[in-house]
Every structure is written in structure tokens, then in C-alpha cells.
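A, B, C and D label the chains in the order they appear, each numbered from 1.
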Amino acid sequence: MTDEWETKITKVTPNELLIRGYPLDDLIGSITFASGIFLIIRGELPSLAEEKVINAILVSSIDHGVTAPSAVAARTVASCGVPITTAIGAGILAIGDYHGGAGERCFKFLKECLQNRKNGQSLQELAAITVQTVREQKIRIPGFGHRYHSQDPRTIKLLKIADQEKISGVYVNFAQILAKELSDQSQKPLPLNVDGTIGAILADMGFEASTAKAFFAISRIAGLTAHILEEYTQRPVRTIIPSEAKYTGNTKRRLP
Amino acid sequence: MTDEWETKITKVTPNELLIRGYPLDDLIGSITFASGIFLIIRGELPSLAEEKVINAILVSSIDHGVTAPSAVAARTVASCGVPITTAIGAGILAIGDYHGGAGERCFKFLKECLQNRKNGQSLQELAAITVQTVREQKIRIPGFGHRYHSQDPRTIKLLKIADQEKISGVYVNFAQILAKELSDQSQKPLPLNVDGTIGAILADMGFEASTAKAFFAISRIAGLTAHILEEYTQRPVRTIIPSEAKYTGNTKRRLP
Amino acid sequence: MTDEWETKITKVTPNELLIRGYPLDDLIGSITFASGIFLIIRGELPSLAEEKVINAILVSSIDHGVTAPSAVAARTVASCGVPITTAIGAGILAIGDYHGGAGERCFKFLKECLQNRKNGQSLQELAAITVQTVREQKIRIPGFGHRYHSQDPRTIKLLKIADQEKISGVYVNFAQILAKELSDQSQKPLPLNVDGTIGAILADMGFEASTAKAFFAISRIAGLTAHILEEYTQRPVRTIIPSEAKYTGNTKRRLP
Amino acid sequence: MTDEWETKITKVTPNELLIRGYPLDDLIGSITFASGIFLIIRGELPSLAEEKVINAILVSSIDHGVTAPSAVAARTVASCGVPITTAIGAGILAIGDYHGGAGERCFKFLKECLQNRKNGQSLQELAAITVQTVREQKIRIPGFGHRYHSQDPRTIKLLKIADQEKISGVYVNFAQILAKELSDQSQKPLPLNVDGTIGAILADMGFEASTAKAFFAISRIAGLTAHILEEYTQRPVRTIIPSEAKYTGNTKRRLP
């Protein structure tokens, strides 16, 4: 009835833990958490360029304020008198196809386009025919356009770093050509958004599509923790109305 | 019926996101994810020493193999045909008082001891009377002893880094004296374990007790992601028997 | 390392399932779902009186509109593009000490009072001294008073049925005396609320305290399902503002 | 930014709750929980036949022993020291496409077949061509065959009740013809299983496909509660090996 079960992740013996082969106590103090995340998912330590890009991706999704559905779910549940991990879990469950999920869907869309690319077809030609098709079929390409930000500052910075670190490849390249073509044909700005950008970069780094949602979760759990701790200071079971929260934190400041 | 609602974490306006006052696009590429986690929870960027210790803590809890209950829960749920974030959520729910929770309970125990410390009482005297009391009441102090590791390599390394970075204070100090006293009076080794160590370090860094469980969750979500991706390559709804998994990963290797 | 593991709930062999000893195919069509719930939790089938009271309890908590935190969490998560069980799970996580949890806390409070009852002390005397103590210590007894309903119609009906069916015992009795004493000494109405009522009835039926939260979850999952299905008909990731929802359902009607 | 929000489920005003128009205190004591579930999901009270069938469905999925992934997840999480609703939530998350999900997938498969039925085509002809197609495409039809039970006693009883109560319609009819055709062409028994049966019955009752998973969750939460309460009596964080649990409950017995 049971399968032979194998695992390649972690070996635990008394007084020794090997993470993908490396003694955990060697890793502690030697690598950053971002490198550890890369190592445990991919099996190998990142290059310096990969580490820099992973840090950038993880910082970029850390929070999006009280109106994000994952923050609403986490705070609502925290308000009911449960342990912090139960509230974090509720926030993670809100990460779905329509919240933090566009990266995975964009990744898959780009992959399918590139797999169907004809011999000798330029990325520009592929983009033109793709946009024409989706417009005819009235399909919305995931990862393009944002209901709130017309020029998302996160996207611009992430693309700059991925280019500088020479991580950008055919996915990032094609995604940007697609964004331009999409905006041109639609005659309205439909730029690559932060989710689409992360999906394209992860594709160029050789990750699987489903990791896009996982990286969003790994990153956002930090913001959720902050929201839950803030909620714990409030009256239990209060009515949470995200759109009416007043920001009373630090005013804008520059990095030291 | 509704409360005035304030938030100090993130300010979102069109084309600008402020995280604790800093423009998110300034943070992307400039700080590590560990610094971002510290910033969003505490409200200020960490010092270099704090950043180093936070990285060490987050790397130390990244995974503990297939037998950890959070890995069992996450893999079991992943095996049933659900999105990756649903499986991650299930793994996070397993983090409770008895799994990843000893840090919080140890933090609170140490805090109560230190709050009841008498004027002029040395930490050694406080430890002696504390151990005597818990032994009489047959209470087990959380964060001491490990059912599997007698000399946990993670603990040794974490304490070394916390000392080097001058983060260790009265909590870490007292926890170590307590461990020695506990082992002496019990006449068996009951060293500070990894959860207790993290609880004491977070206390010395000025975090709240409940963040111990949150840091465990933030760290472990990386390992859970690796487990879920590995499980997705297997037959759905297979019987998961953690104790029988065979490690087929990398053999022991040294950092480059 | 592993424990001998025993279970008394269900025996599964090829082509036969025994639920607490009864063939499941004998139960299907012969008993109500409420009886099945009682059977699997308690190990024996309910009497007719017990079945009637369990049905009443389960019907009473089935929903409390869009403002209940579990409904907010479930709808928020459903809105993000996840499977129905992920959204149900998020709603269940919101059931905590302050939402659906007063029954368990009331149960435990009453139990402690009754355990400390002195020889020959009447329930009235016990109630008087209890109220005096909690008022001095400024403690709020869980399960009394409601932030929204001053005369909760569910409470009145549940108590009537528990009395009629001769299920009410010392817990229900004491809870009602306590409510009167509490209102008298406080000089404002602090009636037994629906959660407190259910906690007291479950105590008189011989259930464990933690089942109060479980019965709330079993009941409310029906309402959550209705909310999630309704949410699925709406635009994804919309802003959910519970206090502003407009009721457009059936007007008040009488049972046929 | 926000949508007009409407709800048709429950109206809450001080001292009055209307569930689909009916005062909740009228429902308490008058209807069974199964009727309440039907009412809140569908908007109308069930007929006696519908109530009987819903009770049968809900009893049939109440538990499947310790090896079911939802039970493994719930017990594993319960073992970690969390509130009962957190453990229930973890169990619910395990209900996915491959556990408790075949009902929904079977429902959708049957629906698609019936929608593509040609004018004048008999169900037998439709079944023959369907089985031929899936066999050529090496597709497994969800809801047929069981890895453990060759003659599932739950299926036989459910179909009998659905027929007796005149609930069975074109879906149940077609599903049974399909099962016979499938077994004939495959030359091995591939009977309609319990999930497929429930999917077909719910389709004939006019429910939406996604309610199949919801009914499974509503039913199974009872079994999960029993498993969690049993687990709470054990040592925390023990290794859970579902296949080795020993049944020590009641021996087989008949209904009184």
C-alpha cells in the first residue's frame, strides 16, 4: 500500500543536520536567509548575482498595506483570539490566482508563447501575433497592468537589477516586448506589473512556475506578521474596514 | 459600531509604496530580505550586528527534515491536489506550542523569572532557586533539552554569533546559567536547545515573545516550499510515513 | 521513537466501514447527520432528546451574516481565486477565543465554579459570591452579554428546548442563576448569550469543553459555504466592507 | 474603488436574525441541521425527499479512518499544541482534487458529456462513445473505481435511497450506465464510487459542482473533530504513522 519514499532535502542524524548536503551549522552565520531559501528550494547555493536578485524579489513583495486581501484575512483572524501562526496561515491562504498569483500565471503564459514560437520568428513578431490573438479572444494576459499603480516603482527597480546582474533572459525580454506591443495595440498603458516581472525573472532563473506564488508567500509572511502584531494591540473582533485605515506611521524618509 | 483604524506599517498611494517610511523601490536592491523582515516588524532598519543575528536565526530554522510535523502536514495536504499556498498554510498551522513554540514559551519563562528577580540577587542565585522550584513542582522548563539532539549544532553556532555581535544580554546570559544549573541539579544534560536559544536572543534584541513563533514560521516556510515541490513530483494521496523516508540527496559537503 | 497508536473511531476494511462499530451503510438512510455527529464524537448514538438538542444547537449557529469575522475571512480568501475548501479553511481559522469561543470559556468557568462549590452551598449562594468576586477583580465572565443583541432570540429558544427535553442540568441551571445575579449586581442586563447557553448545555450533556468551539465550527461551515458561493459570483479581489453590505434576500417569512 | 455589496443570506438586526427570510428562532427546534444546511446554501427549505437524501450524503462521508489525508493532517497539527479549530482548519485544507474532490470532477465530467449529447442520442450510446474516447485518450474518468473498496457499501446504499426518494435523474442514470460501459470495455470492474455517486446526486438535485467538495467538508468536519479529540489524549508531537494504527474500538454491532 505504501510507496518507497525518498527525500533529497535534509538529512537529520543526532547532532547533525545537512541541508542539501551542507552542515546547517556551517550555513548559520555564513549565508544570508535569501541564500538559504535559494539553496533549500534549488539544491545549490546561488551565485552572487542570483542572491542579489532573490533578495530584491523578496523585498519587493514584503507588504502592500492594509487593503491587500491577505492582510485583511490575517488581521480579521488575529482579531478573533488565535495564536500568531493561525493568523499567518489564514493570510497565506488568501494568496491565490487573483492575489499574488499573477506571477505564476504570467510565467505559464510566457512559457506557452515561447514554446509555440516558430523557427526564425523574432520575439517582436511573436509578441505582435500573441497580442492580436488575445485581443480577438478578449483574454487578459496575466501580469500586465495594475488596478492601482500605472507606473509601478517596484517593477522598474526589479528590471534594472535583473538587467545589471545579467539575470534577465528571454522571458524578461519577451515580457517587455509584449508589454509595449500590448500598450500599442490597446492604445492605453498596460505595463508589465510587479507580479509579471517576478514571474518572468523566476522563469529566466530556472525556477518552476509554482514557485512564483511560493516566493510571494515567503516574502509576504513578513508583512503579515507586522499586521498581526499591530492588530493584537487593538480591541478583539473589531470591524475591519481596509479602505478607511488611516496611516499614522513614519513620513517619507531616505535610506541612510 | 466601527473603530477608528490606524496603521503604521505601509503607506500605499498611486505609484508609491512607503514601508515604515522608506520608499519600497529604494529598499529593493539596497537591503537584504532579512533586513526587510526586521524593518517591517520593528519599524527601523537593523544595525549590521542585528542583521547578522537575524540572518543566523532565520537560516537555523529553515528545515528539520521530513519528520517535522509541519513538513508532514504540508506534504500530506500537497498530496491531495491543492495549490501550493494551501499546502504552505497547512504546514504553518502545525507550528504550535509543541512544534516551533518552545522559543515563545522559553522567552516568557525567562521574562517572568527576571521580573521576579530580587534586589541584589545574582543570576546564579536566581537560576538555583528557579531550578529548585520547577523540580519540586515537576515542571519542565520550555527551551531546554531536545528529544533528538544532545548537543545541538545550531545552538552552539547561534550563541557564538550572538556573543560575537554583542547581541547577547541578560536573557542569553541567564538562559545559559539556567541550563548549567538544570543539568547539575538533574544530573543529566539539559542544554539550551535551538528554540530556547532563539527565544533568549529575540528577547535580548527587544522583540515581543510572540515573534519567536513568527520567526520560526518565516524561516520554515522556505523548507515547507521545498518539501511541497518534492511532494508534487510524487503520486497523489500516497501514504506518508515520515520515519521511513530514505535520504537520497547530496552527501555531506563543505561550503566553497 | 514511535508510539503504539490506537484508534477507537472508525474501522476500515475492504468493502466495510464501521463507525464506532456500526456499519456505515446501516447508518446511511437510518440516522440524521446530527445523530452521526453525536455518534462519531461520543461513541454512542444519541437519545431522541439528545438528538433534538444537538439539532437545535447546530441550527442556532449556522450563520450570523456578513459581519461575522469568519464570514469576512472566508469571503476575502474566496475572492482571491482559491478552491472552496481553502476558503472554508480560512473561515474556520477565525473561530477563536473571541469569535465562537465564548462557549468553551463559559463552560470552563462554570466548571471551575461548580468544582469549588462548598458543601451545602446553594447555587444561589455560589452565584452571589462568584459575581461579587469577578466584579471586585473586574473580570468579565465569558458567555454573558452580547454586543449586539440585548435579548438574543436564539438563547430563549435553546433554553426552552433543553428544558423541554430534560437535558438542562446543573450547568444550565447555574448559568441562569448567575445571569440574574450578574444583572442584579451590575444593575444592567447581562443575560446568558447564545455561546454561553451552548457551552452550558454541552456541559450538561457530558461533552468536553473544547467541543463547544468544534460544534460552532461544524455548524458555521454551512453558513461559510453559502457566503463563499455568493462571493464566487462577484468580481475577484474586491474590497470587502462588511458593515456596508445591503441585504437583498427574502423578506421575513414564516415556516410552512 | 469599492463595489456595491449585496447579500441574500442572512439579515441581522438587534434581537432578530433572518436566515433566508426565516427567523432563526423559528428554525431552532423545528428543522434538522441537514435542512438548515440545505436552506442556507439553496435559499429554500428542502422537501422531505431532499432532506432524506442530504442526510444520507452527509452521513456517508463522515469519516474514513486514520489513513485519510485530512485525518492525518488534522491529527498531526493537533499534536503540535494548537486550538481545536486550527487543527480542523488544517484537515479541511487537505480536501482537494484528489481527496474528497472526485465528486466535483465527476459532476463536471458528466455535465460536459450531457451538454454535448446529440439530438436523439440515447444515454447508452453517449456512454459507449464517451468510454471509447477516454480509453483512446488514456483519461481516467473521475468518480469511478476505488483503490480500496471494490464494492463500496456506501455507494449501493446512497443509490438505493436516491432512487426510492425519486431524486435520481439523468445524472445518476447516466453515471450508472457509464459505470457498466466502462467495466465492460475495460474488462475489469470500475463501479461508480462514493464520490462519483454524491457528485451525480447533487447534480440531479440542482446544486453547483463546487458544492460537492463543500458537502464533503461539512460532513468530514465531524470525523475530524473526533480524530482531533482522540489525538489530544496522546503525547504531543508523536510520530503519526497512519498505516500502523490499531483499531481498539467497538466490535461490529447492529443498529437498535
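Everything below uses one rule, namely that a contact is a pair of C-beta atoms (placed from the backbone, for glycine too) under 8 Å apart; a residue touches a chain by one contact, two chains touch by 3 or more.
All figures in this text were calculated on a predicted structure; none of them were measured in a lab.
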| item | value |
| --- | --- |
| Joint neighbours of chain C and chain B, given as chain labels | A, D |
| Most distant chain from chain A, judged by the mean position of its C-alpha atoms | C |
| Centroid distance [mean C-alpha coordinates] between chain D and chain A, Å | 35 |
| Euclidean distance of C-alpha centroids - chain C vs chain D, Å | 23 |
| Rounded Å distance between chain A and chain C, as computed from the means of their C-alpha atoms | 39 |
| Numbers and ranges of chain B residues touching at least 2 other chains | 1-2, 67, 82-83, 85-86, 89-90, 93, 95-96, 100, 239-241, 243 |
| Residue numbers on chain B that touch chain A, as the complex places them | 1-12, 14-34, 36-37, 40-41, 43, 45, 52, 54-56, 58-60, 62-67, 83-86, 88-90, 92-93, 95-96, 100, 148-154, 156-158, 160-161, 208, 210-211, 213-214, 217-219, 221-223, 225-230, 232, 234-235, 238-241, 244-256 |
| Touching residues on chain B, where the partner in the complex is chain C | 1-2, 82-83, 85-86, 89, 93, 243 |
| Touch list for chain B against partner chain D, complex | 67, 69-70, 72-73, 76-77, 79-82, 86-87, 89-90, 93-101, 236-237, 239-243 |
